[in-house]
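Each of the two complexes below includes subunit A, the first together with subunit B, the second together with subunit C.
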Partner chain A sequence: MRLLARLHRIDRRWLYVATLVLMLVPFILPLTLPAGHVARTTRAAFELIDSCPPDKVVIIDSSWDAGSQAENRAQLEAVVAHLCRRRIKFVVTSLGVTALGPDFARDIIRPLAERAGYEYGRDWVQLGFVQGVAGALGPLIDRFCRDLWGLYPRDVHNTPVEELPLMQAVRRGADAHAFCCFTYAPAYEWISFANAQYGLRLVFGCMTIMCPAYYPYIDSGQLAGMLVGNVGAAEYEALNGVAGRGTRLGVPAAFGNCAIIIAAVLGNIGLWAERRGRRAAA
Partner chain B sequence: MRKTVVRVVTLLGGLFFVLEFMLPAELRRPGAEQPYFTNPLSPWLNLATDLVIVLGTMAFLLGPINLVRSHLGNLFRGQRGAVESAVFLLFLVLGLGLAGLKEFPDLKRGLGLAAADSALQSGYNLLFYGLINAFGATSMALLAFYLVSAAYRSFRFQSLEAGVMMITAVVVLLGLVPLGTFLTGWLPTEFQLPTWAAWIFAVPNSAVQRAVVIGAFAGAFAAGLRLWLGVGQKTE
Partner chain C sequence: MTDPPVIWLAAFVTVVVFSYALKDNYVYRLVQHATLGATVGVTVVVTWKQVLLPRWWAPIWAAWQGTVVDPLTGQPDHRGLLWLLALLPGLLWYFQLSKRWFWLSTLITGLFVGTAAGLAFKNQILLIMPQLAASIKPLNPFVRPDPALTYGPAWPEPGTPAAWAAALNNALFLAALLATLFYFFFSVRTDHRVLQAPRRFGRLAIMVCLGAMFGSTVMTRMAYLLDRLMFLSHDWWEGQVVPLLRFFPGG
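And now, the complex of A and B:
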């Protein structure tokens, strides 16, 4: 009992070491876990993008950087791989969240697009970053939906958008078949402006810890689909038939979640043993 | 006087967006080709959006400007933390310089640095991939350790409510990763952990989120209204 009671007083540095060791295991040993279950939010996102007609484009807002790349990167990779496989044309923006967004997005998208034989300007376009005001993206999103050319007069290579063949089909953001936003926590204004006023069908890719906030919008139909962290990316990859980063990172994520559960269990056993010991002593 | 100007600009700005949204785009009588009313504010909407972008950019610059002022003061006064201030200023200049030269080739040519293209690109890559990327990912990854520590210290089965919360957390934590399928994949779908996790998100979580969002947005609306109308603020 005394030994169990000591579990209540583990130095947190030991917990840090144990977490580090546990998280390193899947990177050292080639472990795999089954990804049989596909959430309805992921399936809805996949089906929406998959149903894009040839004359339409999908717009991707890639507004993440190093902080959330652990999950947003796999989501972006999974969706772009799907777009390339289905020969769907796409436009990439980075609206109002992080100025580093375009650089991170380019590093993912360019190799995938080149491998698929996509030609820049004809099959895909990257428009870059537009500065917004934190917490007040509404006016920008409204402009995005009704006047994309006005919001983005030039692409990341400084080419006027009217000279890019693909942009002839997308004068307004609302012209797109679907809009995917990959960021830590997509702004609610996408729902209230882009979907409610312009009818743009939305897919969000967010960090796992932020996903609970968006479920009511899935139920109301204002959000067409959602990729929840790496799991969402892995499920999307399973639907697309390509195992990528999301599938690979599912195992370390499982180990990380296990570390949290084990820590909580140890803490509770220690607390229980200590109380029992105190009662016995009294 | 300054606060009055801010209040008037806030009021007019808010009024513009509200009226532009509320007024119909156009009104026409049945059979008439020409509308008898068109929203007079809509043509100004693009200008208003441009102003938002400009304001956002100015606000974005305020951070670095304040930091530079503060760290320069630190450095010249030789106060505690002067070394850290020097490091900050060095990397700010390096970052601005390398990113500026990358984005503006004319500037590079003007400064006679066109020949050093590969060296500049290497410097930019070192800053971007070697530092920003690594630091950003590291600071976020540290959360995993804090989460484990917090779970150990605070996640206590001390009451029925805490127990329900703990069981829910375990189901969600396992159901959201492939381990949930691995552990319960042999059971019928209704009893698998991912199905339970999905139910928790879709039903109890959605109900709570709706309540929270309705309350939060009602509060935000009230706060926005007070800010817009300048209610409850001191004039000077």
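And now, the complex of A and C:
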């Protein structure tokens, strides 16, 4: 019993080391895990984007930087890989969250688009960053849906949008087949303004920590789909049939989660043993 | 493609930040302050280059130079100079620094608060109303509900085990919803024995929700760690260290 009670008093640094070592194993040994269950939210997102007709575009809002690249990067990669495979045209924006968004998005999207033979201006366009106030993005989103050309007179290369062939089909954000927002915590105004007012179908790609806040909107149909962290990215890649960053990160994440679960169970056993020992002593 | 010195610097900073998990140290604090300084610097530069320069200063400068031409009259268009007026409300914020002229700053803060309140009101109405409608869920497994009145996935064939499972799921949802609302009902005494059970169930539902949130928090922290491990193993070790080791004899 005394041995078990010691489990409750393990120095936390040993737990860090154990977790780290476990997570490093898949980086050293080429381990893979089978693609299992695909969440309803991911499948809905995939099917919505997959059903894009040839005369429509998908708009991607890539509003993440180093702060949330741990999960948003894999999500963006997965969706752009799908768009390129299906030859779906897309427009990339970065609305109101981080001015570094366009740079991070370009580094991911450009190689994928070039590999797929996409031509800039005809098959895809990057419009860049527009300054907004966190918590009050409503007017910006309203204008995005109503007058995309007015919100973005020029693209990231300073080319007037009216000179870009792809933009002839997208004068309003609401014209898009679907809108995907990849950021730490997508603004609720996308739901209340873009979806409720303009009927734009939304897919959110958020950090795992934020996903419980958005599940109610999936059930009510206000959100069409959602990619939950790296798990969502891995599921999306499984549906697309192309293993990418999400799949690669899935194995060490599973090892790390196992380490946390084992530590929580051992800690609780230790706590129970300690209390029992104290009661016996009393 | 990131430059090699940047990768080495990023690897060094990553390892130093990890060292804090073992013990607070001087190098970690140095890196922390440098990161804060760099973040502020980058924000200032990026805000100027991506926001103020193209959207504020460029129209002013073009109007001043007379390079913008009115398409109707063919004359130089100087209306871009009106952007200078944006300085007036912007400067009002700085009166917060003066005790005597503080009241001037309340003009701009009042404008912002009023706008934000109006937007928040509209936002909440459009967010919550569909939620209320979606809370009314079908409970009868023998009847197919009107698809126009229901949300979420399609209702299964009536009478099948899937329909029973869906009805049970909806019943659980409704019970959790009502019990949670009841848990926060402070207007009447709820210590009666009959009312204790729904209160306990409400508390249980809240705890399950908090547990899910805590689990997702752990997964996010894990993702942050993994991102850095991926960078160290792929970009730094495989991309920088391994090629360097090949230069050594026997490498």
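Just so we're on the same page, the second predicted complex is superposed on the first by the 282 of 282 C-alpha atoms of A that agree within 3 Å, B and C clash if a C-alpha of one lies under 4 Å from a C-alpha of the other, contacts with A are read in each partner's own complex, and residues count from 1 in each chain.
As a convention for this text, a residue touches a chain if its C-beta (ideal position, glycine included) is under 8 Å from a C-beta of that chain, and two chains touch if they have at least 3 such contacts.
Small disclaimer: the values here were computed from a predicted structure and weren't measured.
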| item | value |
| --- | --- |
| Partner chain in contact with A:R279 - subunit B first, subunit C second, else both or neither | neither |
| First (subunit B), second (subunit C), both or neither touched by A:G128 | second |
| Touching partner for A:L271 - first (subunit B), second (subunit C), both, neither | first |
| Which of subunit B and subunit C A:T208 touches, first, second, both or neither | both |
| A:R2 touches, of subunit B and subunit C: first, second, both or neither? | neither |
| Partner chain(s) touched by A:G229 [first = subunit B, second = subunit C, both, neither] | both |
| Contacts of A:E189 with subunit B and subunit C, given as first, second, both or neither | second |
| Overlap of subunit C and subunit B interfaces on subunit A (superposed complexes) | 16, 20, 23, 40, 69-70, 100, 131, 136, 139, 208, 211-212, 216, 218-219, 229, 231, 253, 256-257, 260 |
| Of subunit A, residues touching subunit B in the complex | 10, 12, 15-16, 18-20, 23, 33-37, 39-40, 65-70, 96, 100, 103, 130-134, 136, 139-140, 142-143, 147, 150-151, 208, 211-213, 215-216, 218-219, 228-229, 231, 234, 250-251, 253-254, 256-261, 263-264, 266-268, 271 |
| Residue ranges of subunit B touching subunit A (in the complex, touch as defined) | 17, 45-46, 48-49, 52-53, 55-57, 59-60, 128, 132-137, 139-141, 144-145, 147-149, 151-153, 155-157, 166, 169-170, 173-174, 176-182, 185, 192, 194-195, 198, 201-202, 205-206, 209-210, 213 |
| Of subunit A, residues touching subunit C in the complex | 13, 16, 20, 23-24, 27, 40, 69-71, 73, 99-100, 102, 128-129, 131, 135-136, 138-139, 154, 158, 188-189, 191-193, 196-197, 207-212, 216-222, 229-231, 245, 248-249, 252-253, 256-257, 260 |
| Subunit A contact footprint on subunit C (complex, rising order) | 21-22, 42-43, 46-47, 50-51, 54-55, 115-116, 119, 122-127, 130-131, 133-134, 151-153, 209, 212-213, 216-220, 222-227, 229-230, 233 |
